[in-house]
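Some structures are shown below for you to check.
Here come two complexes built around chain A, the first alongside chain B, the second alongside chain C.
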Partner chain A sequence: MVGKESFSVRSFRVLTGIVLITWLILPLIPLAIWSFAKGWFFPDLLPKRWSMQAWDYALSDTAGVIDSLWLTIGISLAATALSILVGIPAGRALGMYKFKGKELVELLILAPTIVPGIAVVLGIHSVFISMGLNNTVSGVILVHLIPTLPYMVLVMSGIFANYDPSFEAQARSLGASPIKTFWHVTLPAIMPGIIVGGLFAFLVSWSQYILTLLIGGGRVVTLPLLLFNFATSGRNDITGAIGMIYILPGIIILLLTAKHLSGRSGAVGGFGQI
Partner chain B sequence: MSDRLKIALLLAPALSIIGILFFGGLLIGFMRSFNYMPVIGLTDPDLSAYAAVFTSKEFYLSFLLTFHIAFTSTVLSSILAIGAALLLRRTFIGRSLINFLFQLNLTVPHLVGAIGMLYLFSQSGSFARLGAEWNLISKPSDFPAMVFDPYAIGIILQYIWKEVPFIGVIILANMQSLGEDYESVARSLGANKWQAFIHVLMPLIFPGVLSASIIVFAFTFGAYEIPAILGASYPKALPVLAYQKYTDVDLAARPEAMAMAIVIALLSALMIYFYVRYTRRRIRS
Partner chain C sequence: MTHVSIKELTKIYPGSAEPALDQLSLEIPTGELTALLGPSGCGKTTTMKMIAGLLAQTSGDVLFDDRSVLNDRPEHRGVVMVFQNYLLFPYMSVADNVGFGLKMRKVPKPEIDRRVAEILELVKLPDLGSRRPSELSGGQQQRVALARALIVQPNVLLLDEPLSNLDAHLRFEMRDLIRGLQQEMGITTIFVTHDQEEAVVLADKVALILDGRLKQYENADVFYKRPIDEATARFFGGQNFVSGKSNGLVFESALGKLALPEGAISGSGKLTFRPENIRINATKTDENTLKAVVNERIFLGTQTRLRLVVGDEKLDAIANPNEVENISTGDSVNISLPASSLWVLPK
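Moving on, here comes the complex of A and B:
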């Protein structure tokens, strides 16, 4: 396989690379331009007039974009925290023990990562009515657990599969309480998994649309709902600005975790959901 | 504490949440699709919702469209992703940039990609403007319909944009952990590049490609917001149609919506079956 590659093979590779790079950033370009455009009509390739109007509007106190941003952050943080809390013990059971029915349990936890939200949310909606959970933030946080939790469990079970519990036994034999052992021994060891799994669970919740739309009933307006509304009402400039704000956490998280995104970690499977 | 009890306690919170919300949601949807809901006085299950759905032309058109979207997107994305992974395993100028963009793209929600495609491919979008600049078209309506179109071209392009990096990253990791030894052996035994690819590399990466494409197929079949932004008004993608039926002012349409949700769930159950049957090895490792 080694040996010198011909010039034409190398130039083909570079050319395909250029096409690929262009294609990957292409859809984000008109969004970015629109956010600084003041009217941008056919057939102008670039806006004739530029303006910060869309950004001023999006960042103003009255437009509700900032409120929606905080609401979305809050919902995603809550769904992530709950997923971590519930995902750690489940991951421990699946990663460290062999037991009867383990394959079934794995299947039950895997199912929500493949079955689309629309297939389950209609049923949930008709039950949440009687529980008063529709149109509430708590209801939305609860349904966001459906896509985020399985994912957290899968990441944590991977972490616990390579975890050595003998340190816990040593701490216990030296007189540490179970809580102290968890805090000082277990938690530091599984922290990388919690951070990576948590950041990705956050992104999965961050990208939810139909679950929020139906359970939130139009009262819980997260950023994607706002973005959708502006996009379908033809306010392209404001859509552009909100779109840029909306993809920001993903970029920040990417910069923090780039080395974990290699696809070798099971974590990457969760991106099918975003 | 016995191990059995310990395992049960560790799993209880996660299984209750998934059991109640996910499987509960499915079960309630299933019951309501048969007009059966004792709590609100519906005690005689019937098949009227399924009869209405399976005799409606709109449903079949919608199902075919959705299947076309999911199938075409999955096949094209998988093929392009294999090509991209082959490209990215060699060093060349720009490789690390592509790697970064692949990962960046994974974090961008589908909704943003869909709006991007709308601004690129609509009849007054960037490509139409480019066409006008080069005098290929004189007015927006001369530009071929690529969004809101019957073939769902815009939707498929959006999925390809998002899923090539997703599948590509998985295949690339797969290829890197395999190394090139197998192919080198095949080459030294006289196989040409193409034979080494088809008979040696492809069978090795196939389980990874398959598991990623099953996830992609299920997602593209059940996604709502992408066809809602880029799709034609008739026929609609199945999830869009189901949502529309569910929110119809006529409450009698709700069981029909549930029946469509069950159709989507059954199809994804089939996907889970394939996933477990053919790719179990991958999750275990």
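Moving on, here comes the complex of A and C:
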């Protein structure tokens, strides 16, 4: 009985591994090969000739890839920072307190993960025009908060549902001001949530296409927009090179924060008690 | 070194009709160790939090040396509260925990290190500074929490159930440590507990709070000898209550006529006496002798509990096991109720 069970568990694990590799790693291999290929035609299994041409172009000043990379990093970092700033108090309110209309607030915060972004952005577009935020980087940062905030708030309310505010009372009683209490007591306690929620927020912002295109009006060219341009123009080799650059931050962040993503940290507990 | 006055302090939580604390008034003299005693939910911890400034009062006042502190923020009151579950900051070392209050007061690092080492020596944990709180036992954690509070030399120290999470043998060690340090540093100390034994062994004076109201505020022994009413007597383990009538000198009841001590009230009331004050195997020369039948005897190790019947009245007695060795269930015994151990409660 036990042996049978462990066999099924093991085969499930192997199957999951195969599916994950097929989904996540395999699609990247042709992309990597394309970035070093000089012509790769059916039915060849590998390109006949190799070249660094695509990389030379992608890293040159004329392509604008590097500028776009810095812009995308800036926008994503700003959207992440704002998400953290909003996510901490929102998560605290939802995770720790009961109040009237709490369910409605939760629903509204989660709504962007259910409602298609394009439906929301058309309305925001007209609001942003009247506020002069269209075609600006700040407008793009603001609109990125729509998809990033639900993840941030969800993670932070999970953290605060398991948080004991008595530690703050203890710190105050020992002579800490409210700001010092937050810095020395609250912040270290909720740090795992900030890391995991911030990671989600960064990656969600990083991969925005429609929202950036509509609010940025084509003037704020982030990496996904640039990537799409080359992909539609048929330059598979350059698309491959930019694609490799595009996936790099995600992999780096994932490796750096892997230990916080394990369920044990409690940072991925969702709305906790709710 | 602070005299604490609590004046008609009241707390009504939102959405609750009954006050959690109802017009509590207490004077706690400088350097004394006072217990707030009461069952859970009686308003003790609420009182402590209001003294510490961690909870807003509904009405009333808290004064330190005749100055109201209600408008002082918790970090400026000079009050440190030690919570029941110690609340050591888990991601700091023991030394950082203990030095936290000094760091908040911007004391230079070398001085913090010196004073942390000093106070850890005082609480007998000299080598544990670099450990994490999670690596310590409950008793050690409590001593760290105590050190963390004492290092800032507070005007008033508040302790929430300081002995209740400890094993019996650790309790006395901790009691001696708390009392010793408190006396040495002369810090006015208030602690709350639901355990009358804990209150009696640790405190100079005990304030009994039942249902949000102060019942009696006296030296610990008064609660045993001269309780103010039946609820107070019962809270301190009183078992024997006999209805009858007093004329100030003699109490008449189903037990017959019994001589009373000086100061007993007159009128109808209840006679009470502690189980350990009933003398078994009394002789004719003893005061207030009665004949009783032993209904049940329970051996408790260091003492023996006897359930006695006198007429229709059931009495509880506690005796030294050696003295009642030859007495078995159903026997008739002579008992004496010394006048000095009797007390009359108002009806």
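Quick note on the criterion: the second predicted complex is superposed on the first by the 235 of 274 C-alpha atoms of A that agree within 3 Å, B and C clash if a C-alpha of one lies under 4 Å from a C-alpha of the other, contacts with A are read in each partner's own complex, and residues count from 1 in each chain.
Quick note on the criterion: contacts are C-beta pairs under 8 Å (C-beta built on N, C-alpha and C of every residue); 3 or more make two chains touch, one makes a residue touch a chain.
The structure presented is a predicted model; accordingly, all values stated were derived computationally and were not measured.
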Partner touching more residues of chain A, whether chain B or chain C: B
Chain B versus chain C as contact partner of A:L104, first or second or both or neither: neither
First, second, both or neither for A:K180, with chain B first and chain C second: second
First (chain B), second (chain C), both or neither touched by A:R172: second
Chain B versus chain C as contact partner of A:A231, first or second or both or neither: first
Which superposed partner A:I146 touches (first chain B, second chain C, both, neither): first
Which superposed partner A:T16 touches (first chain B, second chain C, both, neither): first
First (chain B), second (chain C), both or neither touched by A:L203: first
Residues on chain A lying within both footprints (that of chain B and that of chain C): none
Chain A - residues contacting chain B, complex: 1, 10, 13-14, 16-18, 20-21, 23-31, 34, 42-45, 85-87, 89-90, 92-94, 97, 99, 105-127, 130, 142-143, 145-146, 149-150, 153, 203, 206-207, 209-210, 213-214, 224, 227-228, 231-232, 236, 239, 243, 246-247, 250-251, 253-254, 258, 261-264, 266, 268-269, 271-274
Residue numbers on chain A that touch chain C, as the complex places them: 164, 166-167, 169-177, 180, 184-185, 188-189
Chain A contact footprint on chain C (complex, rising order): 49, 52-54, 73-75, 79-81, 83, 85, 87, 89, 91, 100-101, 104-105, 148-149, 152
Residues of chain B defined as touching chain A within the complex: 3-4, 6-7, 9-11, 13-15, 17-19, 21-30, 32, 37, 39, 83-84, 87, 90, 92-95, 97-98, 100-113, 115-120, 124-126, 128-130, 132-133, 140, 158, 161, 165-166, 169-174, 176-177, 180, 183-184, 187, 212, 214-216, 218-219, 221-225, 228-229, 239, 242-243, 246, 254, 257-258, 261-262, 264-265, 268-269, 271-272, 275-276, 283
